[in-house]
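What follows is a set of structures to go through.
Consider the two complexes below, in which chain A is the common component and chain B and chain C are the respective partners.
And now, the complex of A and B:
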């Protein structure tokens, strides 16, 4: 059985061919349309192949070895249930981004900086998921990183973008370095690069611990796990919006894939304390990510920070799955892993949708700063409608999909008192509390994101002159919004589709959801709970329509327009409206004083002066200051000191070389 | 037959909460007025207010969007569905399995999400101040509420409200420290969620002290009626929740004879009465606190709920 993987590799070859083609023709006018049409078609076909593999009940994996890469080893590719699921996420996101790009790409000032790398980026992500040996995996990973880096600095004339590109490059190199070490340890002294061989050997506990740490650094930095997230809110917004959607919605998921592949598949036997670390980092990312997002006024950066939150939620579910698996509770582990995978799918839907929406706003107004927007709901009715759907979904509100996956995570948390270890017993409720806090803060954040950007009165001439975007962009957003609702009201379909993945990794699965009456979602028998998104949706629709019908029929339907009331004190100018900063003020005062050491000071002019009073807000990114600044300082100190070595005389160089040689020989002599 | 009966009870319950909700608020206002030695408006005043509002025309601000017009109905629908899923006089409701306690909390979250957005829609400062403070309070009250749901679920072994209520009514619950903590936390959250004194004052007309009222300042006519009705429903919802979880006596169980349902309905109304008197007593004896003292209040609720959950996690192994 190799048809699946062969078809996918042909698709990758097609994407790489598109890259070459795009390089050749990128300055022509038709290039944009041609390249995005090609990637759309290729991604759609690859999506279909992966979906057929996952849904077709194909138990055998599809394998292929190509005589590429390292001699005598070759490049191994394999399509199993886990890979198929992630290929669905990658290629669906890719297809949506291509469709959006058909319209959005027309406004691109420098298409030759975007088009080739866009196709290459898609090819890289597909290859990472398909790779089945350490060498091809790392090569594809690096290819994916470099292609996305090129896209981040596509608009390199803006100084903030070059800085973002630099930080991304440094973090990506560090991450790949950690992955390299992790795979080297897994390969062992015999150098077994193929995943099948790695899977067969059981690493020692020490190796397992080190590999887990390295994976958390390598995959975690790409996924945006706190404290390795610093590049993400800089790099994701810098790229063109459909690429931001891919980076946030899809590439972070590829990183999660790497983590799942190594921890659940290649090593296979997680220890309980490892789950403790994952749970802690996940919860920390969730809360810090969303708090940062709440404070942010740049729409795309807000979305990027919220990605960190969602990655945190996913890692919490993964940590729970590890804990349950370590304690021999396969059903609960399957529930947690399903929750994680479901949230991965959901996040790829709504985060792509939101980035597309932000891109639409950016195209028509040229603004990312929410403080300069407002009132767009009148000027971009469709965009604002689908953006609202995305906001509801990401805020985990029923009946949309974000709630369904978070509900599963909460159900998994409620099963964890059965865990044996005290560390987990204390940690899990705290993590649950933090997750609940981040869910509540997400609501606040997306009220701000939608309310300040789309509601109210326009705060600048650019927002005043906004208009609706093209049909391609709208179609892409509409499809995603519909999917957010559909997966929310029919979560059972997704959960059933995910069962081959959990069966392969855990050896257990959630109960068949489609067999439940009324398509109700039930976690597992032990939790004795259920949720039915479809009925909740129907009930809300019915009671709202009933209320509308009765009132309009029996009471009044008269409407009169007039100036806003505002307690008889209307604000004359739109500048006096609530802004993003003022909206975040209460939460900044409550939680920000602790999380960001936020301080406010009011500078009052002297009496009689006509100058305005000023409010100054000071906030600190504590992780940057505590972790990265000392590191940067140390590197700078070391380079300044070592700089001295550059200007020595030849005698001193010779002495130095001689001394070093003696030192090495001594080490060799002493080494046992 | 059993299904028809279950559907009938569900329908009766949906109408009952809708019919009783304004009465509860009217009763509360009456008791508060009597405690202040005022005569107070009639018990039926909230019904009259609603009818009057429904008959009036809506005055919309010039730049109000479609969201502003849809929100009242969405808020009402979400609150009504949530209220209908909480056992009032009988457990084993026909649709109790559609949404558990977590989903009910999230449904109320949806209602608040749209209400907060509509506060920002017209673009006045009062709407903004109301919305931003409302989400601040919610961002602390909602996690506390979820932790309370966790602690109850750990005791009863399910997040399904009917199951939890049936378990709470059974003799094997006993007195538990964690349940006491959850009760206190739940009451604190309920006060905050319903914008009652000391967190917010539902009767205030001083703009800068308003939270909930500032958010809905621009609403009029039938839209305002819907939001007011949703507010009444929410108060009733929290009272039913507290009573079905912590004083579940008298709840009719599935399979009981008709008389048990009558008893259930009577005890339910009696419980609401007691709850209303207690709330009125509490509200008249305490002053409203400053907005930035509220986080301390809710932080205490959050910590209590967390402690209750933690105790249950740890106690499971002993």
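And now, the complex of A and C:
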């Protein structure tokens, strides 16, 4: 069957055509509307094609080879269950971002810097998922990276954005280089670049280990796995908000796709100790990511750090799937992989939603700093409502979708005693503990994000003058919020839809959820554990309604007047409110002293002076200081030293060339 | 075809080229250096002509003629004229003294022998020797360029290096005439460009010591 992949490639061609069109007309007033409408329509069609492929039960894959790329290979494209799932994520995210962009894009100061790359970025992500040979894959990957880089530096006048762009470019190049080496190793001396040929050959254990390491660097740096995450909190907030949503919610998932494709599909036989590495990095990312998010006062940076946490959760699930697969436990492996994929879908929903919300706040107030916001719930009631839904979902509270997928992950962790290796038996519960910690911190973080931004009183005139955003943005956010709720109360539908993917990669699947009574979710067997999102939802709704009814019916309706309670503050200015920093302080004191080497110092004014005392907090990004600063220092040292080579005499250059030639000849003469 | 005598003659000519390259290394007068270079070119022409006779390849005679005319006559005469018109100092400042240079040269010839005899076990004996000699000549030409400070002697080193290339190409049976002509032509162009360049340096610095350029740039030598 060829129709599916052909339709998708036509869609990609349409997106690329939109790029060209956008370049031609980007300075016209109608360009924004036209381009986003086009991407919305194209993404929606591609979403529908991918969804039909996944849900339609097409057992056979859809393949197509185009005479492009390397002449003796051609460009292979293939649509299988895994690709279809990720295409759903990509194109749904793309459609939502386009819809949001229809409204948000009107405030864009430089649309000619955003519109062409937006469509190109979408095309690149689709091509990465569709590609089925190493050459097309890497080419699409780099295309995606460069398009997103152009979007990061769209507002290049701000110095922080150019720095973010530079760091992103360096990290992306390093990542692509790692991927290049990984595929070169997989291709072997025969140079079989087509995925089907790579799949057929079994690499040696050494090659497998090196490829895994390279994939962790290559895909991990794009996904934001600690310690390769440094670019992410800089670059994601720098882009326009709907692009931030795409980068955080969708592009990181494309990176996870690359990891799954290579580790589960192309290599196919994970070893148990490899899963240890993945589990460790995942847990580290989850905890460090959310701790950073907790300390952050920039709303978009907070969301970017939270992406690192969620990527960590996804990688923990993937590590579990590798461990179970290596131990020949297909049911448990299918459960873990389903949890990972489900969380990928969920994260793309609620992270897009939250970035849209942050973008809405940014458009109307011009502020990303939470310490200057507050009280927006009165001025932007709808945005606040959907943002709250996103916060509840990402905090993994039932009945929303974040809970369902994280619950599945924990169910998989609870199966760890059945693993054979002691390393895993010890490691997995520890990882579970770290995940629990990060889940709790996530709740605190998003209480802070919502509370400081939307509750209380405005902390600046900008926040006071906020107003509700346009209908397109609201519609996009509302759709995502509804989807967060729906996938939360009906997880069985998603789990069943994911079964072709796990069947293809693991050879097993979770039990059929729709066959369970009352739409209950049963990971392994009903005797062990089950979850019913619908019942939880009904219970919460009914008990809350009942409580409201009882209070309003039975409590006295008489209005009482009394002195306002001043919380002990005689001066009730908005500055006296709880701030984001003060909210994070207990956690900073407990965990930050260790994780960020946080130190507090109080500067007292001299006696008799009327100056205020100041509390200073000093925090360190240990990974940046321990890993990246020495690296930067080494590169600078080397370049300074090598700079000498730029100013040699002609004769010295000749001598260098001559000496090197003689050296090479000597090597050739001595080589055995 | 490969009778001992013909082989020995080819060997003799190629060996003399290496010997003449060594002679270049210890010249400390410009005119002498140019004369030795002219000799180098003439022996190269003989060698190529002998190869042409051996291989029965008439186009190699053209190559030999080009080598004789351009490198044996035109370029040496041109260099003589340049030196006379510029009135530059005729002794050569060497960067490295003669003795170590000769020792390095011997080492280079050894290296190219060892290397070429190792990497070409399947080629004919004549071609192997030829290639080894050619590589020696190339390396010695580079050595001349590296150890001289005078721009004219660097030009001469470059030209003798090119002679080594021609020797390798003719020994290996089959460099097309077009390539040979274009190489000769590019050498001529290089000669013209470097000549013009020499005049300009001379005008500005009253010397063709390339060190003057570095002084001008404010660099230490």
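Here, the second predicted complex is superposed on the first by the 652 of 672 C-alpha atoms of A that agree within 3 Å, B and C clash if a C-alpha of one lies under 4 Å from a C-alpha of the other, contacts with A are read in each partner's own complex, and residues count from 1 in each chain.
We adopt the following convention: a contact is a pair of C-beta atoms (placed from the backbone, for glycine too) under 8 Å apart; a residue touches a chain by one contact, two chains touch by 3 or more.
Being a predicted model, the structure only gives us computed values, none of them experimental.
After alignment on the shared chain A, the placement of chain B and chain C results in a side-by-side fit free of clashes.
After overlaying the two complexes on the shared chain, residue contacts for A:330 are found with neither chain B nor chain C. Legend: residue contacts after superposition of the two complexes on their common chain; A:423 is shown touching neither chain B nor chain C. Once the two complexes are laid over each other on the shared chain, residue contacts for A:227 go to neither chain B nor chain C.
Seen from the Cα centre of chain A, chain B and chain C lie 150° apart once the structures are superposed, a value rounded to the nearest 10.
Once the two complexes are laid over each other on the shared chain, residue contacts for A:665 go to chain C alone; chain B is not touched. Using the contact criterion defined above for the overlaid structures, shared-chain residue A:366 touches neither chain B nor chain C, since it reaches no partner.
Judged by the touch definition given at the top, the superposed model places A:441 against chain B, while chain C stays out of reach.
Once the two structures are overlaid, the count of chain A residues touched is higher for B than for its counterpart among chain B and chain C.
Between chain B and chain C, the smallest C-alpha to C-alpha distance in the superposed model amounts to 61 Å.
Taken together, the two complexes place no residue of chain A in contact with both chain B and chain C. Of all residues in chain A, those touching chain C in their complex are 647, 649-651, 654-655, 657-658, 661-662, 665-666, 668-669. Those residues of chain C that touch chain A in the shared complex are 95, 108, 111-112, 114-115, 118-119, 139, 142-143, 145-146, 148-149, 154, 210-211, 213-214, 217, 219, 221.
Chain B contributes residues 54-63, 65-67, 73-74, 76-78, 80-81, 84, 95, 97-100, 102-103, 106-107, 109-110, 112-113, 116-117, 119-129, 131-133, 135-136, 138-143, 146-147, 150, 153-154, 157-160, 163, 207, 217-218, 221-222, 225-226, 291-292, 295, 302, 305-306, 309-310, 312-314, 316-317 to its touches with chain A in the complex. Those residues of chain A that touch chain B in the shared complex are 374-375, 377-378, 381, 388, 392, 395-398, 403, 407, 410-411, 413-414, 416-418, 420, 422, 425-426, 428-430, 432-433, 436-437, 439-441, 443-444, 446-448, 450-452, 455-457, 520, 527-532, 535-536, 539-541, 543-544, 547-548, 551, 555-556, 558-567, 570-571, 574, 576-578, 582-587, 589-590.
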